[in-house]
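Below is a structure I'd like to ask you about.
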Amino acid sequence: MPGTSFFSDMLQGITERGRKLLFSASRSADSIVEADLETLCEMLLSSRGEASGMAIAAEILGRWSKLDSAGVEHFLQMLSEKFGADTAKLDKAVDRYRTEKSPAAIIALHKAAEPRRQELLRRLNHAPSGTAKLVRMRQQLLASNDRSDDDRALDADFTHLFGSWFNRGFLTLRPIDWSTPAHILEKIIKYEAVHEIAGWEELRRRLAPADRRCFAFFHPRLADEPLVFVEVALTRSVPSAIKDVLDEGREQIEPDQATTAVFYSISNCQEGLRGISFGNFLIKQVVEDLRRDLPGLRNFVTLSPVPGFARWLTRARSSEAEPLLTEEDRKVLGLLDDPAWVDDANAANEIEHVLLPLAAYYFLIERTPEGRPVDPVARFHLGNGARLDRLNFLGDRSAKAMQQAHGLMVNYLYKLEDIEMNHEALAQRGEVTASPAVKSLLGRNGDSRRGGRNEMSRPFAQVMNDRIGGGRK
Amino acid sequence: MPGTSFFSDMLQGITERGRKLLFSASRSADSIVEADLETLCEMLLSSRGEASGMAIAAEILGRWSKLDSAGVEHFLQMLSEKFGADTAKLDKAVDRYRTEKSPAAIIALHKAAEPRRQELLRRLNHAPSGTAKLVRMRQQLLASNDRSDDDRALDADFTHLFGSWFNRGFLTLRPIDWSTPAHILEKIIKYEAVHEIAGWEELRRRLAPADRRCFAFFHPRLADEPLVFVEVALTRSVPSAIKDVLDEGREQIEPDQATTAVFYSISNCQEGLRGISFGNFLIKQVVEDLRRDLPGLRNFVTLSPVPGFARWLTRARSSEAEPLLTEEDRKVLGLLDDPAWVDDANAANEIEHVLLPLAAYYFLIERTPEGRPVDPVARFHLGNGARLDRLNFLGDRSAKAMQQAHGLMVNYLYKLEDIEMNHEALAQRGEVTASPAVKSLLGRNGDSRRGGRNEMSRPFAQVMNDRIGGGRK
Amino acid sequence: MPGTSFFSDMLQGITERGRKLLFSASRSADSIVEADLETLCEMLLSSRGEASGMAIAAEILGRWSKLDSAGVEHFLQMLSEKFGADTAKLDKAVDRYRTEKSPAAIIALHKAAEPRRQELLRRLNHAPSGTAKLVRMRQQLLASNDRSDDDRALDADFTHLFGSWFNRGFLTLRPIDWSTPAHILEKIIKYEAVHEIAGWEELRRRLAPADRRCFAFFHPRLADEPLVFVEVALTRSVPSAIKDVLDEGREQIEPDQATTAVFYSISNCQEGLRGISFGNFLIKQVVEDLRRDLPGLRNFVTLSPVPGFARWLTRARSSEAEPLLTEEDRKVLGLLDDPAWVDDANAANEIEHVLLPLAAYYFLIERTPEGRPVDPVARFHLGNGARLDRLNFLGDRSAKAMQQAHGLMVNYLYKLEDIEMNHEALAQRGEVTASPAVKSLLGRNGDSRRGGRNEMSRPFAQVMNDRIGGGRK
Amino acid sequence: MPGTSFFSDMLQGITERGRKLLFSASRSADSIVEADLETLCEMLLSSRGEASGMAIAAEILGRWSKLDSAGVEHFLQMLSEKFGADTAKLDKAVDRYRTEKSPAAIIALHKAAEPRRQELLRRLNHAPSGTAKLVRMRQQLLASNDRSDDDRALDADFTHLFGSWFNRGFLTLRPIDWSTPAHILEKIIKYEAVHEIAGWEELRRRLAPADRRCFAFFHPRLADEPLVFVEVALTRSVPSAIKDVLDEGREQIEPDQATTAVFYSISNCQEGLRGISFGNFLIKQVVEDLRRDLPGLRNFVTLSPVPGFARWLTRARSSEAEPLLTEEDRKVLGLLDDPAWVDDANAANEIEHVLLPLAAYYFLIERTPEGRPVDPVARFHLGNGARLDRLNFLGDRSAKAMQQAHGLMVNYLYKLEDIEMNHEALAQRGEVTASPAVKSLLGRNGDSRRGGRNEMSRPFAQVMNDRIGGGRK
């Protein structure tokens, strides 16, 4: 329907007005108005909450939305401290379980261990726009700097509920294009987190051409708020640089001529839903949909940033004991310190030969203490079952990319029939799946480039072998 | 969009086809095909479930949907027995809690006490039509006759999840009228539980006239399935008999002439959602919406059946010691045994004088062992904060109503400003709120009708006083 | 949007209410109220009509809708007599044309020859629901029994305007299925003109199964009124009897198994649009859409009634001089006079052998005075470019079909690549395109059945040859 | 539905693809491909056009859309010259009419006088996007510089058809706001003809705030193309300068606080529909809708440019004999020649006193040769029945407004109850309705400002009186 929200429910709005009627009608309105927030929360959990729950919930969220930051802090603290599990009940349930161990005792124990605020949050969700407000409430919680144990407990409750409410089964994939309502599109501009959209003209270039696509997950209750979106370019080859994708003057193609779908930007939109995983489902769903609509597509790849690479490299360079780097490597890498290197073909060439093997190492060998890939974007795609397909030297010359990754970009390849195998290789054995070309870079360092020339190269291969052998511990 | 589902999501359907692509593409398809259901469930919970979860979930539900009743029984038993909480972990969490009692320990305990099948059900929900299938799965569980402790534990998990997923905040109120798609309307015919709808012509009479309304709650994921609906008549007075509402020849009025909205039928639709409460929210929302659209409305009442009355009365009559009934009462009530009484004005008159005070007693005084009203419909409306407004002798002469309640119907009155007070009176003090007219019937029995004439009447008043005095114990 | 009209424009309704505001506000309201209908029509055509046109138009149509039949007759007569062309102007334009013959003079002549009521009808169309009301107005005109020249002139104006307004470019094809709103579906029941739909259960059988389809043309301004619709069965062979299509117990098939789409019922819905041709476009559009959606479909055929056959045959039998019929033919056809023949296999067999060649003659040879096929359904399909594919003896045993066509049904075949050729053969040369099987029936009469046995058969072939040779003159 | 067009018909798109099927299937495809455009047009009008009309129409429009400007010129010329009325038929019809003068003869005459291209255009409209293409075709016609008689005749046919097709009864009013699809919004930017919209941020300021509205008429067949739109500001007083409306820093108000709706920009969008009047209906409809939604609104006014004023004034100044202007007036008006006057308070003050009475004269007295107001915007609003309410000196300081009107803006007032009276005063008696304040300006010139000081002032009053007395001749 024109003139109203994208696909939100016209009737939801009614609730808001209706609530006012209900609320003003209630003889108990006075007692609600006079109560403080904690009292209101207790009221909402009490039997009164059954009769006037919506009015009380709306009152609580209405007041919360007007709190200043100290008020918010205090409100969250109250939720943490006053609405945890009822420990008296819990102790009793524990005792019963210890004597009985029956299914009923476990149910009772599970219920008793549930913090009271879970039910409180469920009832707050009855209020108009309740879900959106609770998502914002968690955003506030995550923003507070020093998180106590209590905060973490409160966050665990949000996470538990949101995990259930934002179950993939409840999400809807929607195409975003140039016929999408403007108030949704301006959120795409706002939430784009990888390659900034400078304004409406650029947005149009990303959405309107026939060889560009964009898809987002929406939740029925957050109707005008994308949760996560992906931008896709349809091309005839796998691009190695972001400018090939975003260039204004690029040649457009007909979608049915495309062989390749390039996921060049994936952005989470709701800070308050951090940790609730959608991107995994989004990419797979989009691959499926594109395959069906455009049977000519054969490759599904990303063109991705490497946000952790420069930091990792700096650490490696600063560690004098790092056996990965030879003297010569260090010298070459020193060229990076002058930002002008990027325009000096010789310097760039030298750097490329040192940087790419190190990048291969960064992806294939390096691990977090928990044994996972160190790069966050790599963790996401490799964890989804993609394989690391190509390293693109100077794939992105933007200031941000130069600073984060010395311009490096990579392609991850999504091959549906290998996804599970790749995923399991990583999950079970800690192995990153990569193309032969990427894997060969590991060897190149030791062999072709410096082989024989320099004793310093030995430790590199050695360390590699040690670490590869060791895998995840 | 014409020609597709009511308001379901066109893109959901894609998932089904997409799944086939995904599934057939997977190299692990063979291993899935060969696995038995229990193995598949374990697979879905494992790390493989992260990569191929949707395909596995779809496979499980696809097989489940083809099980015969023995297979279903076995499947549910497997869920009960094999996917409960991990007791080893739980014991450890209990031990930690007993030494530590920290928020973190409580979180851990809560998590450990959660049966594994909760996550299993959440992941099954990823499959196409997952939610609808899980609702049907619970329906099967509820249908099994002898429910073990394990069954009850399994049901507790369904109830917990459904309570969260079908939170009122996620439901949408939709008007149902003669422009509603036929495939929704045929469900209204099917699910109507109070006054049967004989066919499409009758349905039309209930939906098409301007002085008739119908509203239903829908869940976005069960797009074409009403969860609960209410039928409303707009009238100029409070009707005392259902024929005044349903009569083909009744005079229609313009909606803005109506002073009264009569909720004459409320039906839950999804057996698999038994115990998840919607009706309470539905009535209040509909009251709000109607008030806004038709400011001339002043009364919001029901015209309701009394399904438990005849059974209660039979028990009372069969108990020789029942002090409520005098000899004369018993004689008059004996007239009920000949179904022809209804057409005998004298008999009906006599019966009315005995029946109505007893009905008042049934509503106002009688209680379940838990101290709640004995009539299920009364429990619902009084629990919502309505008041018992009028008893309508022979309000419904249908066979069903004669058998359940000797034709008795009642009006419950929803007065928004009193709802909370009435609710609290019942919840806190066990008091049923009723109109003076209904309350006076209690006295009439003892006083006006038989007062002085008969010593037998004494015990009635006495019992009443005893019981009123006692209230809920 | 659920709960509102199928796809009508929410904003149209606003016009109605808005009009009241406008109208009541106008200082000229009194003069409008007091004017008679003719004065109002003049007012609408005057300059006042520019300022208050919508209010005046609405007033005229409001009063018209309340006229009794005498009033309607009078109103139509007024339109005929008082709102024709302005003959003074016309005479002047004729004079100018005769001296000048310039494009400008022709424009002026064309304008002057336009009856004033054309502009009147265009301005009446501004009123809320104007189009629907004008369609009904023409329906009234067509219903009047003795049509004068003036009536015909008035009808010519309606036809001219409706032909422009209901241009195929403005029509929308919509699928009609079991998810279509009930108020549209009840019109399908009402307007079905070929095989009556007995009620909602039968409607469901025609719309809900996956191997059944229905499509209708709609006009944006008559949003909830189908203009014409076609019912389609998807089958694995060309059916020869309507019971194979409509039988409750028939075996359903998956749509993608179907090879054949059978158009078994086409109904015009709006009597007021008689003569405005839609069916031609409808069938071709549906063929295109089905071909695209179900590539397995290879045959597009009708299963059609022969509404003029029995009447034609009666005339032939009653004409003693008719050389088509031998004595023996007449004897066999005498069997038709006892309705029980249909259950007498021998009689039926004899009849079939006489009837089918005559039917072939009826379709292939017989012509109206204008040289067109005599059967109205044949005129439609053959005029569209279909070919006559098969005669089905006793294809429909319903009372209506027995009475109209002695149970005969036929299949017309729509082969897109031949449509134009077939159409031209008929339009240019008066030739009906038919399958060899049908054409051979012409010969059969003379040859196989009676060949040699009876001299009477000679004239049949002879007449045929004479007439075939002659074609359309 | 997200991701597709605003409210266009999904099924229209099908036609395009379907056409290809149809076309490629036709055995006559070759003959179509080989024919030239004139032959194709003849074919479309012939009986072949009935069978393959859509394919032929699509072919014609497909080729037309690729013509260069010479080709277009040639194509239009062909339409003009070859597809006029059939003069042989016309002569016969004229002869018949002259002898007979019956309704039938008039019908025949009307038909014969209709140029053949009217039917041609109607059949071209069957093609996919036919309507949009025909609108563009007329735009080409209007763009050709030297228009012959034949061109005018062709244009008369377009105008006749478009007047019928774009009848107000077929138009839909839609709100345009920030939730409107971007591809519609970019057309608002493009088509805005009064106060340029500099980009998306400015568009947002005009559409998103609660005290701003925009409405457009759409035609169902040109679904994504606004025909005309109006921008509305809701305010608490009648603004006298456009900056009060458009200023970024202006104070926003709640819609229900507004007393005044200001129509500050009305733009026609489709050059090809020039002369088909929508704006009149648009304003009245919007007034009605706003009145209903916001009962607090009491004034409906415009804030309008005066595009013809500066040109008129230049002419007056250049005519030495013009008795309107005294020597002193001319001296003061000489200040206008230095654009810096606008920032010189004294000069501005002097100018105001001379300019406003002249502007009053321009509106109230001056007339075109046909006796209509000379200002085109005035003709529109006064013709709609608005009254001239206030002259706003320096209401718009933009370069365009300074150049067109020395910064003058005016308010027209739409008072529904006076619209018809005002309209009739102008239409019947040539009188412009204006507020007393505006009318008094006429006198001021002669009286208050220069009265007695200067004999030159006499002629002004005298001329005025002469002209007022004379009115329209």
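Every chain is named by a letter (A, B, C and D) in the order it is written, and numbering of its residues begins at 1.
In the analysis below, contacts are C-beta pairs under 8 Å (C-beta built on N, C-alpha and C of every residue); 3 or more make two chains touch, one makes a residue touch a chain.
Here the structure is a predicted model, which is why all the values come from computation and not from measurement.
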Chain A and chain C share one sequence, so how far apart are they rotationally when you fit their Cα atoms? Give it in degrees, rounded to a multiple of 5. 180
Looking only at C-beta pairs that count as contacts, which pair of chains has more of them, B-C or C-D? C-D
Approximate Å spacing (C-alpha centroids) for the pair chain A, chain C: 60
In whole angstrom, the CA-centroid distance of chain B from chain C equals 51
At what distance in angstrom does the C-alpha mean of chain D lie from that of chain C? 41
Residues of chain D that contact two or more other chains, please. 1, 174
Touching residues (chain side chain A, partner chain B) in the complex: 9, 11-12, 14-15, 17-19, 21-22, 25-28, 47-48, 50-52, 54, 80, 84-85, 87, 90, 94, 97-98, 101-104, 106-107, 109-110, 113-115, 122, 125-127, 130-131, 149-150, 152-153, 156, 161, 163-165, 167-170, 172-174, 220-221, 280-281, 284-285, 288-289, 291-292, 383-385, 416-421, 423-424, 427-428
Under the touch definition given earlier, write down the residues of chain B that touch chain C in their complex. 2-7, 174-183, 185-186, 199-200, 204, 207-208, 224
